[in-house]
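Worksheet: one structure, shown below.
The first chain written gets the first letter, and so on, giving A, B and C; residue counts start at 1 in each chain.
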Amino acid sequence: MIEFSLWDIVRNLLLAARWTVALSAAAFVLGGLVGGAVLFARVSRSRALRAGTVAYIELFQGTPLLMQLFLAFFGLSLAGIETSPWAAASLALTLWTSAFLAEIWRGCVEAVPRGQWEASASLAMDFMQQMRHVVLPQAMRIAIAPTVGFSVQVVKGTALASIIGFVEVSKASTVITNATFRPFTVYAVTALIYFALCWPLSAWSRRLERKLGAAHHH
Amino acid sequence: MPLITIEGLRKRFGPNEVLKGVDIAVEAGEVIAIIGRSGSGKSTLLRCVNGLETCEEGRITVGGSHVGGEGTDLRGLRLKVGMIFQQFNLFPHLTAGRNVMLAPMIVKGVAEGEARATAEKMLARVGLAEKFDAHPDKLSGGQQQRVAIARALAMQPQALLCDEITSALDPELVNEVLAVVKSLAADGMTLLMVTHEMRFAREVCDRVIFMHQGRVHEVGPPEEVFAKPRTPELRQFLGALEP
Amino acid sequence: MAYHLDFSGVTEYGAVLAKGVGLTVTLIAAGGGLGIAVGIFGAWARGYSRVTWLARAVGAYVELVRNTPFLVQLFFIFFGLPSAGVKLTELEAALIAVTVNLGAYATEIIRAGVEAVPRGQREAGASLAMTPFQVFRHVVLRPALQKIWPALTSQLVIVMFGSAVCSQIAVEELTYAANFIQSRNFRAFEMYFVATAIYFVLALLLRQGMRAIGAWLVFGARR
């Protein structure tokens, strides 16, 4: 029987972790872009668009991410599109992220005090001017901490992509466990790798929350 | 020709009718104090004048711009009448100077250099020239309110609406704000002020309007209204204010 | 390309689905209850007691659980612990994993509620010669839970969604049922669609249930 050293295990897990990072980054960035669009749709003047957006958000927040991954994977092939686990996982995670970020950001816009809307309205600004010069700058400040906090959820979410066959660190951990018969070590190291990725983000988010907090900063 | 006319104004919040038919005419240069109990509709009245509240019935005209009746020109209205709030509502992410510069630049398209010059002048007008680069959270309440006044003045309004602008201030800071308002009145600015500062109203105002349960209950020059109240409601209101 | 969706698997394998739902509900009911209990203890340890080492230990537990995926926690408990001598059945492992996971989040949620109870309340209790534990139990805990009950409910829903992953260690809950059926009738999309819809409904029912439990245990005047 081949003997595997601890370093063999760690090295292979770290190599696979690159894919965890790649998928997390892709989902977070794309999810952010889509989330911005969803946010605008959410507050638009068209009732149909608003209702559709609410349904979208309810759907992705009200069902398990694993189910969304399965549906993306099998749904895409049903539609005749060539699917790889990477494509399906990216799609599902992006849409999931977009729904959550849109809601987080909406909360931040609503956290800007009413008085700011009234003062800028009294100065004869129209809606777009109010958003651009007065409300959004304040909302974005409030939004940084929870957005960074959500990135932790995205990283953890990528673990589920292993179930539809995407090879990131969780998938690698099962493969390596089967090869080495050392599940305790393998899963412990895997947990530590995730911890190393997530904890700095969590801590940063907490620090940002303390510093930037609510609408009145400093 | 009055600068501001309010005709038959009615406003309800749900089942509650807060303004029950208000008619007021304000001439240019007049300083008017609006007094009354809480719930009498004073702030609501003010907020209808610049369109922060919509009214079910009635018409408001400020220098030719209408709200209600035929044609609502909210933007035109707000260019002519500015508002100062009880809670100041300065933009916290901008310095005092930038607070004052913002609206002229983006609403009236004023160039940055010119906006800056005007802002400096307005801040000097309210006695805060040296605070141009200060952030609102570094200013006292009285200073913030004065910046708010400068911000409204920078838009060169024909009239100013003041909604209990000293009520949120510590007592020792009230006078610096009232001093600015007094100088604005002396310069001929038309002012509509909801206030509890009776002594100030007596000194500075041309007319006092006493509101009661959504209607104009008594109107007149301060000497009459304060010294010779005609209705029991006003007498009771003034009596309750005795220290 | 023409395809038509075939949902017949639902009726054909209805029993399998029902069993799956039953197990999901069991997992979240038992795991939820235990997890909240752990959370109350953790909140006391970290946000109330003066025992520093305990507070730190709970803190480490919370950070570890919240910064690692549930999947890895589950695998560690089911596959990893046996090498340390702890052998568990699939269901035991799943239950422990759910409890451990929820416990960490519940600790933080309830702790926030505990810290929001005004200091004066505790001082009043102490002045009445109550022991710290009595003060916690009778004066602090209920207001704390009242305050954070909605947040706790949301976390339970999240954990229920996370329990889908227990299918990976062959716990025969809802996702496992969907996996099983689609491997038989090759209608993967349809079966997962149905499972998703069921999860959606389960979440609504869970929220209702928590509201009811809240009304009974947490809110309302004490007799």
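As a convention for this text, a residue touches a chain if its C-beta (ideal position, glycine included) is under 8 Å from a C-beta of that chain, and two chains touch if they have at least 3 such contacts.
For clarity, every value in this text was computed on a predicted model and none was experimentally measured.
J.: Chain with the smallest distance from its CA centroid to the overall CA centroid?
T.: Closest to the centre of all protein C-alpha atoms: chain A.
J.: Specify the chain most distant from chain A by Cα centroid.
T.: B
J.: Applying the contact rule given earlier, which two chains have the most C-beta pairs between them?
T.: A-C
J.: Between chain B and chain C, what's the gap in Å when you average each chain's C-alpha atoms?
T.: Chain B and chain C have C-alpha centres separated by 54 Å.
J.: Could you tell me the distance, in whole angstrom, between the mean C-alpha positions of chain A and chain B?
T.: About 47 Å separates the centre of chain A from that of chain B.
J.: How many angstrom between the C-alpha centroids of chain C and chain A?
T.: 21
J.: Show me the residue ranges of chain A that touch chain C in the complex, using the header's touch definition.
T.: Within the complex, chain A contacts chain C at residues 62-68, 70-71, 74-75, 78, 80, 152, 156-157, 159-160, 162-163, 170, 173-174, 177, 182-184, 186-188, 190-191, 194-195, 198-199, 202.
J.: Mind pulling up the chain B residues that touch chain A in the complex?
T.: 50-52, 75, 78-79, 82-83, 85, 87, 89-93, 102-103, 106-107, 135, 137, 148, 151-152, 155
J.: Given the complex with chain A, which residues does chain C contribute to the contact?
T.: 1, 3, 63-64, 66-73, 75-76, 79-84, 161-162, 164-165, 168, 175, 178, 188-189, 192-193, 195-196, 199-200, 203
J.: Looking at the complex, which residues from chain A come into contact with chain B?
T.: 113, 115-116, 118-126, 129, 133-134, 137-138, 141, 215-218
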